[in-house]
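Chain IDs A, B, C and D follow the sequence of writing; residue 1 opens each chain.
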Amino acid sequence: MKIQEADAKSLLAAQGLPVPPWQVARDPSAARAAAERFFAAGAERVVVKAQVLVGGRGKAGGVRLAATPDEAEAVARAILALTIKGIPVRKVLVSPAADIVAEYYLAALVDRSARRILVMGSAEGGVEIEEVAARNPAAIVRIHADPYLGLLDWQARRIAFALGLGAHLREAVAIAKGLVATMRANDADLVEVNPLALVREVGPEGIPTERLVCLDAKVTLDDSALPRHPELEAMRDLDEEDPVDLEARRHDISYIRLDGTIGCMVNGAGLAMTTMDLVKRAGGEPANFLDIGGGARADRVAAAMRLILADPNVRAILVNIFGGITRGDEVARGLLEARAAQARTVPMVVRIVGTNADEARRILEAADVETATSLDEAAAKAVAAAARVGPMAAAEPSEANR
Amino acid sequence: MKIQEADAKSLLAAQGLPVPPWQVARDPSAARAAAERFFAAGAERVVVKAQVLVGGRGKAGGVRLAATPDEAEAVARAILALTIKGIPVRKVLVSPAADIVAEYYLAALVDRSARRILVMGSAEGGVEIEEVAARNPAAIVRIHADPYLGLLDWQARRIAFALGLGAHLREAVAIAKGLVATMRANDADLVEVNPLALVREVGPEGIPTERLVCLDAKVTLDDSALPRHPELEAMRDLDEEDPVDLEARRHDISYIRLDGTIGCMVNGAGLAMTTMDLVKRAGGEPANFLDIGGGARADRVAAAMRLILADPNVRAILVNIFGGITRGDEVARGLLEARAAQARTVPMVVRIVGTNADEARRILEAADVETATSLDEAAAKAVAAAARVGPMAAAEPSEANR
Amino acid sequence: MSILVGRSTRLVVQGITGREGEFHARAMLEYGTPLVAGVTPGKGGQRAVDGRVPVFDTVAEAVEATGANTSCIFVPAAGAPDAILEAVAAGIGTIFCITEGIPALDMIPVVAAVEAAGARLVGPNCPGATSPGEAKVGIIPGAIHRPGRVGVVSRSGTLTYEAVQAMTDAGIGQSTCVGIGGDPIVGSSFVDVLRLFAADPETGAIVLIGEIGGSAEEEAAAWAADHLADRPKVAFVAGRTAPEGRRMGHAGAIISGGRGTAASKVAALEAAGFLVASSPSEIPALLRSAGVRD
Amino acid sequence: MSILVGRSTRLVVQGITGREGEFHARAMLEYGTPLVAGVTPGKGGQRAVDGRVPVFDTVAEAVEATGANTSCIFVPAAGAPDAILEAVAAGIGTIFCITEGIPALDMIPVVAAVEAAGARLVGPNCPGATSPGEAKVGIIPGAIHRPGRVGVVSRSGTLTYEAVQAMTDAGIGQSTCVGIGGDPIVGSSFVDVLRLFAADPETGAIVLIGEIGGSAEEEAAAWAADHLADRPKVAFVAGRTAPEGRRMGHAGAIISGGRGTAASKVAALEAAGFLVASSPSEIPALLRSAGVRD
């Protein structure tokens, strides 16, 4: 699960990491009020940042500075009017602008190949780490945390020295260890601070000092661990979530809405992706990824049918169940019941493999449902069925579905 | 550092372990008030237990039951009048008496040989584990916690099954893991629950149920780790501590008061014990164990001198400093200064080995201090010096020193 | 011969009295797997699967009483990491963890401990392994197999069944089929399994079934180029049409930052001498064209 | 020859710029120890001990630049466990930790990690080791030694010096003197060091200096009876008059529940063929009577 910058920062702050103060605003006047507070506390400028769960907001004009409350309100209004990569901006984060001396990159993530937590750092902060990796891989330091003990002090020091932060050793060590602590405390897959910034501040006696702060933060949480962190569930951004995603999650169905016309219902993620690939190969476009999981229980089949038909773009449904141990006739009956309960009817092509597959085919054909033996055949038939329905009628625009 | 039962129980409770409610009372009327509350809450009897940091209080009459507030007050009065192994009882713990079905032993401790945390359990609870170990070693289950991950669930289950607690598996697992968690959270050397009791309780609808509770608890804390647990320092029982112990600790001196007449000042614990052994071998009795630690700094030498002379039994002082790298002449001068600052004078025999030992000897002899070359000689001279002083005059009784 | 599971397997099922555990234990027994024991803490002394399998409280007791050397774990996610560690401590050499939904960070110390003990873990969230005609451990349907000489390794569940069924239908048998699981942290990688196949004289060819996300397929390709150059190799990669940044079911299957794409994996596999199918149904024909006969 | 430290030692001192670290580093250099590097994070590039020793930020850099193979740690207690792990990770094979006051539970994962890496740790809270005439690592005063053939191992600091001085005064030299430290959890036990002495052809006799508490002396006696039967063995045990239940300085030295008494240790050592001295000053005579000549 992705969470917004403000929530990510609160998780870092809970581990004692230095994060500048912030306020989230849902409208320009709230942004203005937040800016006023920061100006009153001594800020010279504030930064207003779009809160969206997609990258590239900076390039899209979603991050801007303001020197007065008026300007902050105007900038917030402009950003709240943006749509970034298809996501309308509904919130902004307001924060005092930092006087940045240098920017670094620091992240902790799950490294599948090494089966460890990997901490990556670079003295080239503020840009995507993939760019740095492509351009100058030697500029990235990589350290695997101890599988039992987490990031050790000496490992954190090594990262700090590699980033040229020897003069801020203690702070850098605390931050590197803090990223891993944040990861472990919340079962995050990724905790990224980019930029980690060395900022200049003026102390109470007018003496300038430099310190490290986490200017931006990105955290993604391990979905498998969410049940044991109920407090993190509150960070799910329902603003950006399709209501059907919620419905899918409720039924333990993996569902991802896509742009095509062939609704897919498959058991198993790999087979579901393969089904999508074969639809495309047969000249069609999948309307979704949908994995109903193991067992193909009747209630899940019904929920999956509802999810697929809620997408007005869908003009045919391809069901591909490799039963293995599941009884095919039960799946077939469940499908017919689920379809009967729906108001909208679209052509359905069903392929069921496994125990009692022949009986399943008889049941389906008796109900005038098209069947297929091979997956390739099923994909081809589904594409043909969708084509027969013809170009979409007056379907709702997909935006309305969000 | 040893802590009292009530404090030990609070550490267990903080880890979520089942501990019956308790109240500590310093006088009979407070004990009565506590008992009244427990009777009002439904207890049929209460138990009153002496709070002393020595074992064997049960045999000494320090644990008694009471069925009425009057009886509780009387029992508390009797216990508060006891002196157990030389320690006057100053506090009692009052708790509802449990209806015990069975008693078990469970403890977590640091196993030096294995360099692991060892969890020991026995179905023979309520008696000293050493007795069980001597009589029936097979009755003790021993499991080493994982050095990185602590006590694993399967290990805790194995202990539970070995104790015959399969019917209370979940509780027993939680308690076994809780002991190790208590140990790790507080840097304890030992967390012992004896007895861990299966008690019968009557539920709200009158249905009897059985559950495991930690009826007694003993915790000793790792002195080296106390600096990082400032909250535990408050559990130090100053009632039972000799004021000189406090003074010794303040100067980083290891001091243990004994019953003899030869005060010892030595650098190094092993050498200090050896010095005591040789005093005894020479026919004397050491008045203390005292390790002034490394470096033999002048302020510590002075503090050590004060500690030794605060013991009225002391009739001679034996100083044994194996300087190694320390300069002997500096130690000699420090000793003379420290002695000069004291009102009371007793004969002093000094042996200094290491750099500038010859000069040290000249300085001491010029001040009429007896010196020695070998440790055996120093011990013999100190014993002889003490004998010359003759039997003790009107020294204060040692109790007054506490 | 075969890898991981076979005639010398003596299987203990951890979580045998649960719904899933008992169901699949029965299927394994029916396939002929030497299933010698089950473990459910607190149910020691009972018998499971219609009285055919003795149940023990601990894996250590099961090992002592039955000589079990392989474990298959159906314990729920909260207890599965501990179940793996229990199996390791009891001396089990080969552990299959079927359980899904184990948090990734829980698995990190577990895989380290398995490795330190010299044991082998397959999974979690894997379908298990079958050596057709010898033994099946896990949840792969027994009926799809046919004994033969092609080693199959996959990150998927039902997609593997699809591919294996296609091979069996075409008369091409398998030496062992292994599902390594799609979780971010798994005990055995493609390379680990390929290493076993490379050492198995009865495995004449390889089928590798990958999917988007991570770099396991690229690593497998590099290893196979060096160590399996002489054997026919066919691959399939799921997720060619998957969009970037969306997680496709498994925590594993995601393309992010331009990494983990099907195109990169297909290119690496082809460069390493794999014939890459564009549908599972093409796998048998590609095996034939690479010289596989049965 | 010698054990643990000797002519092939290339020493790095961790915490070399601290007061203790620099003081003892100088003494080691003066003794002739091949001290090649120091480490203090943040002081890399400086030179310590009057400019004679290069300082590095990390142990890895020190190893790379100087080929250090042995470390001596003077880092304060809060950082010492990490310093040990850093040395292990940098490939240091022999690590002496002089630091005192490390909580016992901190050391448990550290000794496990040292062992898993195949490295050797002596200490913490130990005085180090000296191979007279070759090298000294730690804080044992150099002047008390004399080269020879008696291996000395001890849980104590100054008590060891006492015993070694007595030997040297009597003209009996040492192959290596090792202080293993008195903390509850130490990296090397008596048995670990005796094993090294047993394998060292230049160590002709053994002096073991124990104290009350724990069972390390009993374990050492049992091991020596089996593996050092043919060599002269002398022992001393401190704490014969120590009362039960009071901790004598070290966390280690305590008699509790009737265990760890001097009597038990003396009996075990005598049964294993040790001559047990009742004063350190008797050690040389006992060595002579057991046949030691120089």
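The rule we apply is simple: contacts are C-beta pairs under 8 Å (C-beta built on N, C-alpha and C of every residue); 3 or more make two chains touch, one makes a residue touch a chain.
Fair warning: this is a prediction, and the values are worked out from it, not measured in the lab.
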Touching chain A and also chain C, the following chains: B
Which of B-D and B-C has more C-beta contact pairs: B-D
Inter-chain centre distance, chain A versus chain B - centres from mean C-alpha coordinates, in Å: 56
Chain B-chain D separation of Cα centroids, rounded to whole Å: 28
For chain C paired with chain D, centre-to-centre distance based on mean C-alpha positions, whole Å: 50
Numbers and ranges of chain C residues touching at least 2 other chains: 109
Multi-chain contact residues (two or more partners), chain A: 148-149
Contact graph of the chains (line, ring, star, complete, other): other
Chain-to-chain touches, reported pairwise for every pair that qualifies: A-B, A-C, A-D, B-C, B-D
Contacting residues of chain B [partner chain A, same complex]: 148-149
In the complex, chain C residues that touch chain A: 23, 27, 77-78, 101-109, 111-112, 139-141, 144, 154-162, 165, 182, 184-186, 189, 209, 211-212, 214-216, 219, 236, 238-243, 245-253, 257-259, 278-281
Residue ranges of chain D in contact with chain A within the complex: 41-42, 44, 57-60, 79, 82-83, 85-86, 89, 109, 113
Residues on chain A engaged by chain D in the complex (per definition of touch): 146, 148-149, 152-154, 157-158, 161, 166, 169
Touch list for chain B against partner chain D, complex: 54, 110, 112-113, 115-117, 128-130, 147-148, 183-184, 187, 189, 222-225, 228, 254, 256, 258, 266-274, 276-281, 286, 289, 291, 294, 322, 324-325, 353-354, 374-376
